[in-house]
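You will see chain A twice below: alongside chain B first, and alongside chain C after that.
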Partner chain A sequence: MSKTTLVVALLAVAVAAAIFIGPAALSADVLQIRLNRVILGIFAGGILGFCGAILQGLFNNPLVEPYTLGSASGAALGAALGIVTIGFLNPLFAFAGSLGVGLLVFVIARSHAGALQDRLILAGVIMSFLCSSLVMIIMVMSGRELYEILYLLMGYLGVIMNPGQRVIAIAILVLSLAIVIYLYRHHRELDILSQGAETASGLGVDTHRLSRNLFFATALLTGFVVSLVGAIGFVGLVIPHIAKRLFGPKHLRNLPASFILGAAFLLLADTLSRTITVYELPVGVVTSLIGVPFFIYLYSKR
Partner chain B sequence: MNAIEVKNLNFSYDGKPVIRDISFTLKEGEFAGVIGPNGAGKSTLLRLLSRILDIQQGEIIVQGQKIRELDRRSLARAIGFVPQETHFTLDFTVADIVLMGRYPYLRPFQAESVGDREIMEQALAEAEVAEFKNRPVNSLSSGERQRVVIARALCQQPKILLLDEPTSHLDLRHQTGIMNLLKKLNGQGISIVIVNHDLNLAALYCRRLILLDRGTIRSDGTPTELIDEKLLKEVYQSEVRVIRHPDHDLPQVLLK
Partner chain C sequence: MTEVIFTLGAQDDLAGVTTYCDYPDAARKLPKVGDFSNPSLERIVGLKPDLVIVNLPEQNRIKTELEQYKIQVFVTEPESLADIYRDITNLGGRIGRQRAADSLVAYMRKRIRPTGRKPKSVYIELSPRPLITIGRNNFLNEMVGMAGGKNIFDDLVRPYPAVNQEEVIKRDPEIIIILHPEGIKDRIGWRKIEAIRNDRVYTDLNQDQLLRPGPRLVYGFQALEKLFE
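Up next, the complex of A and B:
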């Protein structure tokens, strides 16, 4: 069986498990709820894996993911603010947070000389810390919203939406797909960037413009993900490594692989999170719990 | 036609001038070496010529077109750039790396054509790395890797090659190997500008030398005109002796 078939089969298994496994018997209502989770899981897992692969390629650094660059923390901060001020997870607050912090990171990074890429990482890490502190303050001062913020910070696919929110969610999915295709167009530039910015410039890549565009596009996508399902960690960091090990360094292949593997991984983690205990664990906890040992195994095998 | 014209070029990093009012013309088919002490502005000049750095003041004209008005991909079809050292952080094969030289000719998602692959094979053969084609580039020695980078630049089918100290990390055999390769390419009509710290190597291979000192052109001429004890002593602030090479009628520099 080819690797591509294997990966697609894995996603199919994950989707089937997400639909058929669970404490309740499969009725029309339950099916509806689980299909919602499947769609959100594919969207969030796919995008986080994909963005991680884009960013690791862009920054030529295997440790970069949406969380390193501040946009996820910014989205979480925005969403937390939304929860305490208007009472529910509002996508607009999360976008505002991710784009606002992304912009701030970019401005800080650009105000210094030197390689834009290195500066972006540094500014992103610093802003992530600031956002985390601000979220903590919000949590300390919040009352009964604390529980909701906690789930926001760890991620949760079981969001129940009213019709208005559903329309927003569908718009987000469509827009995200367009941005993903836009990002995928740059697969060859990312291959070239692995040899350094100077080489890339010499081959005709406008590295500054590319860094800026890819940075903001991934920040926007991260904001979308956090606004719908909260801040799910680990997927964006680890999935691209697995995709690269399976499909090699060419981004033409490892970018879609990161998307599919991320989607499958998050769905499996979500199915586990709602079946292993009587409580439903936040999915972000499960992604780390099964992801870390797997990652260690993968790297010790090398 | 002129390959490159540089007119009144100025450039500064954070307000510190590095290139001061440099003007020169590189004719088609020339083999020019840029020499000078550390910090003279050699690498900066090369980065400006290949538009890795954007010019601040003055003009660079590449094959009759202003560099600022050329889009980057067109420029990459005219000029190939070889950096001092390349780190390959991902596990690409030699063929993958060389094929990336086709980037300025390809649109997103457009697969490399049979023609592109033929150009790649030619570049591999030209740079004498065809035998490594399917090997991971990181399994090669630094001399072999430098040839792969030159092959990648050749895959751009450039009229001009710019090289920033391409031999500085290499042993004697690979140094002469790279320089002989450049000589051969120059014989095929590619204009070459090479930044080189090794004055003797430069004197042996370059037919024209441009001596930079603190951001300006101190002297510009043939090796015989330029390699001069008094001039070098002044610019490099060290005592040297200049002798003739016993086999070639060219100057060589000895430390005193």
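Up next, the complex of A and C:
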């Protein structure tokens, strides 16, 4: 069996498990709930894996992920503000937060000399810290919203939707897909960039412009993900490494692989999180719990 | 507990409250020492209190700090109705209002009593994201049982568990009580739940009368009784 078949089969298994395994008996209504969850899982896991792969290629740095660059923390900050102030339209707030903080990171990074990539990482990490402490302040001052913010920070797919909210979610999904396709078309430039920014410039890639565009596109996507399911960790950092191990350094193949693996992994984690206990366990907790041992195993195997 | 102190007629002895203490109205005018989960040690010490009433588990941190400053602490931990009655009685003794405390407890015991009806299953929702309900170790769970209901999540030990929506659908409650302002009837996948089919979703109960361990629980209980009739 080829690796591609294997990865696609894994996603199929994950989708089947997510649809057929669960506390309630399967009926038309329960199916709707689970399909929402499956779609959100594919969307969030896929995009986080995909963005992680893009950013690790762009920055030529194995530790970069959507959360390193401030946009996820910005989204969390925006959403938390939305929760305590007006209590609805949270996607809009999350989204404004990720874009606002992304913009700030970019402005800070551009105002100093040196390679833009390095400065973006530094500015992103710094802004993440700032946003985290602002979120903490909001949490300390909030009353009953505390739980909601806590779950937002860990991320969970059990979001309950009414038809109106579903329309908003679908719009976000479609927009995200368009951005993913736009990003994927840059796979060749990313291959070149992975050999170092100077080599890339020498080969005629406008590294400055490319960094800027990819940075903002991934910030947007991260904002979308956080606005719907919260800040799910681990997937964006680790899935790209697994994809690269399986499919090599060429982005033509490891980008789609990161998407599919991220989706499958998040779905499996979510199925586990809602079957092992009647409590709603945030999926962000489970991703690290099962992801880390798996990652250690994969890397010790050589 | 602020409410209890007012009911016992000891409000003039109150030096300060938290921002959460908004009932009765006179409580709002008292000096604030911080919010319910994060009261400020400095502000409390500044009021030079003879006694500080702390609520566990939320205020465990401040309790430890106060004890280090050798300030007298009265601990309440209202998980069950019996806990609430015990705390009121003991507090009355500590602040010289034993008789008032005893009669308050007697009044609450008399009003909050099992009705002996055939229980209807009920789901109580405190927050929509995530779904937070009440579990077994919660005085509201007891009150629901006495008023003629059966909490569908009374098998969960935690007082305020976050639950999966599929569990609500599976347990199919006859009555739903919503204690937050969001509508739930058009939730995707929920329309087959018995309470929603029979239009037995209640959104107008006063949550403070159900969730605050004080004298107003009597009103909350009466509202529950009416609802389970």
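Methods note: the second predicted complex is superposed on the first by the 300 of 302 C-alpha atoms of A that agree within 3 Å, B and C clash if a C-alpha of one lies under 4 Å from a C-alpha of the other, contacts with A are read in each partner's own complex, and residues count from 1 in each chain.
Operating definition for what follows: a residue touches a chain if its C-beta (ideal position, glycine included) is under 8 Å from a C-beta of that chain, and two chains touch if they have at least 3 such contacts.
Since we're looking at a predicted model, the values are computed, not measured.
In the overlay built on the shared chain, the residue A:His187 is in contact with chain B alone; chain C does not reach it.
With both structures placed on the common chain, the touch criterion links A:Asp29 to chain C but leaves chain B unconnected.
In the superposed pair of complexes, A:Pro249 makes contact with chain B only, with no contact to chain C. The larger set of touched chain A residues comes from C, when the choice is between chain B and chain C. Within the superposed three-chain model, A:Asn60 lies in touch with chain B and out of touch with chain C [touch as defined at top]. When both complexes are overlaid on chain A, the residue A:Thr85 reaches neither chain B nor chain C.
When the shared chain is aligned, chain B comes close enough to touch A:Thr199, but chain C does not.
In the superposition on chain A, the residues of chain A contacted by chain B and by chain C do not overlap at all. In the complex of the two chains, the chain A residues touching chain B come out as 60, 113, 185-189, 191-192, 194-196, 198-199, 201-206, 244, 248-250. Only residues 22-25, 27, 29-30, 32-34, 36, 87, 140-141, 143-144, 146-148, 151, 156, 158-163, 166, 274, 278-280, 282 of chain A touch chain C when the two sit together in their complex. Those residues of chain B that touch chain A in the complex are listed here as 13-14, 47, 50-52, 72-77, 79-83, 86-92, 96-97, 100-101, 103-104, 106, 108-109, 149, 153, 156. Across the complex, chain C meets chain A through its residues 20, 35-38, 126-132, 153, 156, 158, 161-167, 169-170, 180-181, 183, 186-192.
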